[in-house]
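Next come two complexes, and both contain subunit A; in the first it sits with subunit B, in the second with subunit C.
Up next, the complex of A and B:
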């Protein structure tokens, strides 16, 4: 039980040490003539544009960006987080629908299985994120802007794990169980509904956690190329342009929290399903 | 409407003939047909894309035809080679080697200390789920615009998957097998070299393959945040802005080829290194 707090404490200590080390030069540069080392040390903790903000400064910035502005203001980090989260969520839902539909097609149609499935597996080895800027700009040029292009990219990035897991899951029932369904004179649809679909759920949820994380990455990267007015990706980009390191770090923290939240949501859904099905998945 | 009747007819006919051929191919078993089916499917998609682009007169700035992309690939071969060198050889490769190496070594160190492992493993799992590409602007600030910052992003992205997988792999040996090693009077080092590392190899290779894709994504996205005027990510983002989509598609094709070739090379290496594993026998 002690291990995690100890490691976390070590991380914080190393973080402070690194902050002092990285910020020392710029702190010394701005310090007055004859400033003592202690003064410089204090200055490293509260620079305007630190190379690495110490944890308490980062927390203070986050607090200001969360509570210091109304939620609808573009200065509020919550506003940008909501923009990114909605794109990621739409993409995630899209990925589930398309991913499951493709998996059903692949499992039910031998031709699709042999011709499409190898491409889906091969596409895992391709950096699909590289197409994000093009999709955004092309869709933007025909008048599609805002949520939809970002959701498309987030969905495109995250449907692979759903499809592969569902194909595996729908095929998981062994011949014995399928034979049993046949002795019950079950139709193909009934076998699907009562045997294949339930057995696939155990494969779906781990894949959904991966897909949720990917959808978030897709949404963030999709916000980069448009000059990006809103969203966590936009905060990263403008922060990088104007050297606002605190803004970058705050956006990063919110993105990480969003990732944890989405994974927790998948866990919650899984828990509900497990309880409905009497403690098993 | 009449003008589009020709291309529509050609496309419908192609789909019908292609699907029929695919169905015939998919019914057959054997190595040749397992490869021929997806290859034919790929060509069918390319052909439909070409017919649609030419037949409907889709503007070059929306979707270039495959032939235009192929031409761009040849015409701009020199530029593509330079971008490949900058992104893959100078950013991805060092970052991938350092990140995977460090992850592996840290896993070996943690193996000696169960306490640290219990503390760091949850943290590693947590970080793996986060949108790490977001650190790209910070790395650009720390390490400058050139390949060092891209390599740094790649190091961070590849470190944790390798760490988590290697630790899981080192736990694969059964108590019985470890007892046997002890009865041979084998020390920690011998047990590691002869039993536990070979058992961990499939997990290590899983991480290596996963990381080869992650590394490419990390380097390309990091280049969206600022580079010297060379590199695949830089080229994609600038040529998109100039609507030279044929060059963008050529870069994406290059990234796809690099991604799948490195994956294939690693898979071949895995086969050679873990020939004894049940999944290959």
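Up next, the complex of A and C:
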């Protein structure tokens, strides 16, 4: 139980040390003539544009960006977080639906197994950074802007683990378990519902955690290339344009929290299923 | 030797006989049954010219060394393997029709329970597939779990039970839809001898109580003699019937029966037949 606070304390100590080291040069540069080392040390803690803000400065910035503005204001970090979160969530749902549908098609139809899988693998070799601006521009030209293109990119990036896990999971039942269904003269649909689907769940949930994190990456990446007006990706972009390092760090913290939250949500859903199954997935 | 003796009570019912004839037909009837596996150009004759009739209400054991085709014969009766030549009738029907009529219950070498279902829901699986109403499903599961003395474990999950208990659940599952033909493929092969003796006693009482037909694959002479009314001795490469031993022990079989001269005499006959089968090599 002591491990968590100890690790946290170590991280904070290292963080402060790194902040002093990284911010020293610019602090020294702006310091008055004849400033002592102690003055410079103090200055590293409160630069306007620190390379690495110390924890308390970052917390203060976050506090201001969260509580200093109404939630609907474009200056509120919560507003931007919500924009990205909704795109990531839509992309995640899309990835689950499409990913599972593809897996079912591949498992149930021989021709799809042969024809679809190479394309699915090929789709993942295309760097998403290269394809994201194209998708945004093309969809924008036919009048589709805002949430949908971002959700598509988030879904594109995150369906793959879902598909591969479900293909493996739906094929997991051993010959004896399948023979059993045959002796009951079960239909294909019954075999799917009572054998293949439940046995795939143990494969699906670990993949969902990966997919949730990827959907968030996809949503942020989709906000970067076209200079989107809102979202954490936009905050990162404008922050780097104007050298607002505090704004960048605040956006990064919110993105991490969002990822943690989405993985916790998957864990919660998995927990419900595990309870139904008497403690094992 | 004595292959002709295999055809006992060979009903002369022609194919496509009426329902009345089917009702009187033997539980299993094989004539000149051969099964050849052709895997990658390598031909394996699993069964060669099997003639066998199993009367209703009999407890018939198939015994022989590994590779003698006893499991293949059982799987062919269950329509899990297809005959290469010859005829095979199950209750006067083709194996396929018998399977579709859910004419038999099958117990595999391993329990093959679905780990995501608790004991009760595992027993209810065939009933769910057969569309039996919920209340009836529960009642039947309770009845057959009580029969295998596992009523108090119905809320447990398979991994919380011992191997012997799991196999008893799988027997309850096979009985739950009340087939009058039970096919068992070395169901106790993976269990220790003490558990196995207990389950044999159990199974024998169950058979006496229900009056069902049981076809039982084993490689244990003791087990075969203790349980059966008739013992079909098989030899490998190609799988053939060497002898059929009538087991004329009293109907009531207590564990001590194993030490009586009558028991040892039957066991001796079976061992002799097995040795004769090996002499063919």
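One rule holds in what follows: the second predicted complex is superposed on the first by the 264 of 281 C-alpha atoms of A that agree within 3 Å, B and C clash if a C-alpha of one lies under 4 Å from a C-alpha of the other, contacts with A are read in each partner's own complex, and residues count from 1 in each chain.
The working rule: a contact is a pair of C-beta atoms (placed from the backbone, for glycine too) under 8 Å apart; a residue touches a chain by one contact, two chains touch by 3 or more.
Just so it is clear, the structure is predicted and the values come from calculations on it, not from any experiment.
Peer 1: Would you mind checking whether subunit B and subunit C clash or fit side by side on subunit A after the superposition?
Peer 2: On the shared subunit A, the partners fit.
Peer 1: According to the stated criteria, A:261 is in contact with first (subunit B), second (subunit C), both, or neither; which is it?
Peer 2: Touch status of A:261: no partner.
Peer 1: What is the contact status of A:59 with respect to subunit B (first) and subunit C (second): first, second, both, or neither?
Peer 2: In the superposition, A:59 contacts neither subunit B nor subunit C.
Peer 1: Taking CA centres, what is the subunit B/subunit A/subunit C angle in steps of 10 degrees?
Peer 2: Computed from the C-alpha centres, it is 80 degrees.
Peer 1: Looking at A:17, would you say it contacts subunit B, subunit C, both, or neither? Reply first, second, both or neither.
Peer 2: Touch status of A:17: no partner.
Peer 1: Which of the two partners, first being subunit B and second being subunit C, lies in contact with A:220: first, second, both, or neither?
Peer 2: After superposing on A, A:220 lies in contact with subunit B but is clear of subunit C.
Peer 1: Quick one: is A:237 in contact with subunit B, with subunit C, with both, or with neither? Answer first, second, both or neither.
Peer 2: first
Peer 1: Go through the superposed model and pick first if A:269 touches only subunit B, second if only subunit C, both, or neither.
Peer 2: neither
Peer 1: For A:97, decide between first (touching subunit B), second (touching subunit C), both and neither.
Peer 2: A:97: touches no partner chain.
Peer 1: Determine the nearest approach in Å between the Cα atoms of subunit B and those of subunit C after overlaying the two structures.
Peer 2: 11
Peer 1: Which subunit B residues qualify as touching subunit A in the complex?
Peer 2: Touching subunit A from subunit B are residues 19, 22-23, 25-27, 33-34, 37-38, 40-42, 61-63, 115-120, 122-123, 126, 129-131, 133-138, 140-142, 209, 212-213, 216-217, 220-221, 224-226, 232-233, 236-237, 240-241, 243, 245, 248-249, 251-252, 255-256, 259-260, 262-263.
Peer 1: What part of subunit A is in contact with subunit B in the complex they form?
Peer 2: On the subunit A side, the touching residues are 2-4, 6-8, 11, 22, 51, 110-111, 113-119, 122, 124-127, 129-131, 133-134, 137-138, 141-142, 209, 213, 216-217, 220-221, 224-225, 232, 236-237, 239-240, 243, 245, 248-249, 251-252, 255-256, 259-260, 263.
Peer 1: Along subunit C, where are the residues that touch subunit A in the complex?
Peer 2: 78-80, 99-100, 102, 104-106, 108-110, 112, 114-118, 125-126, 128-130, 156-157, 159-160
Peer 1: Any idea which subunit A residues touch subunit C in the complex?
Peer 2: Residues 176-177, 179-186, 190, 194-195, 198-199, 201, 277-280.
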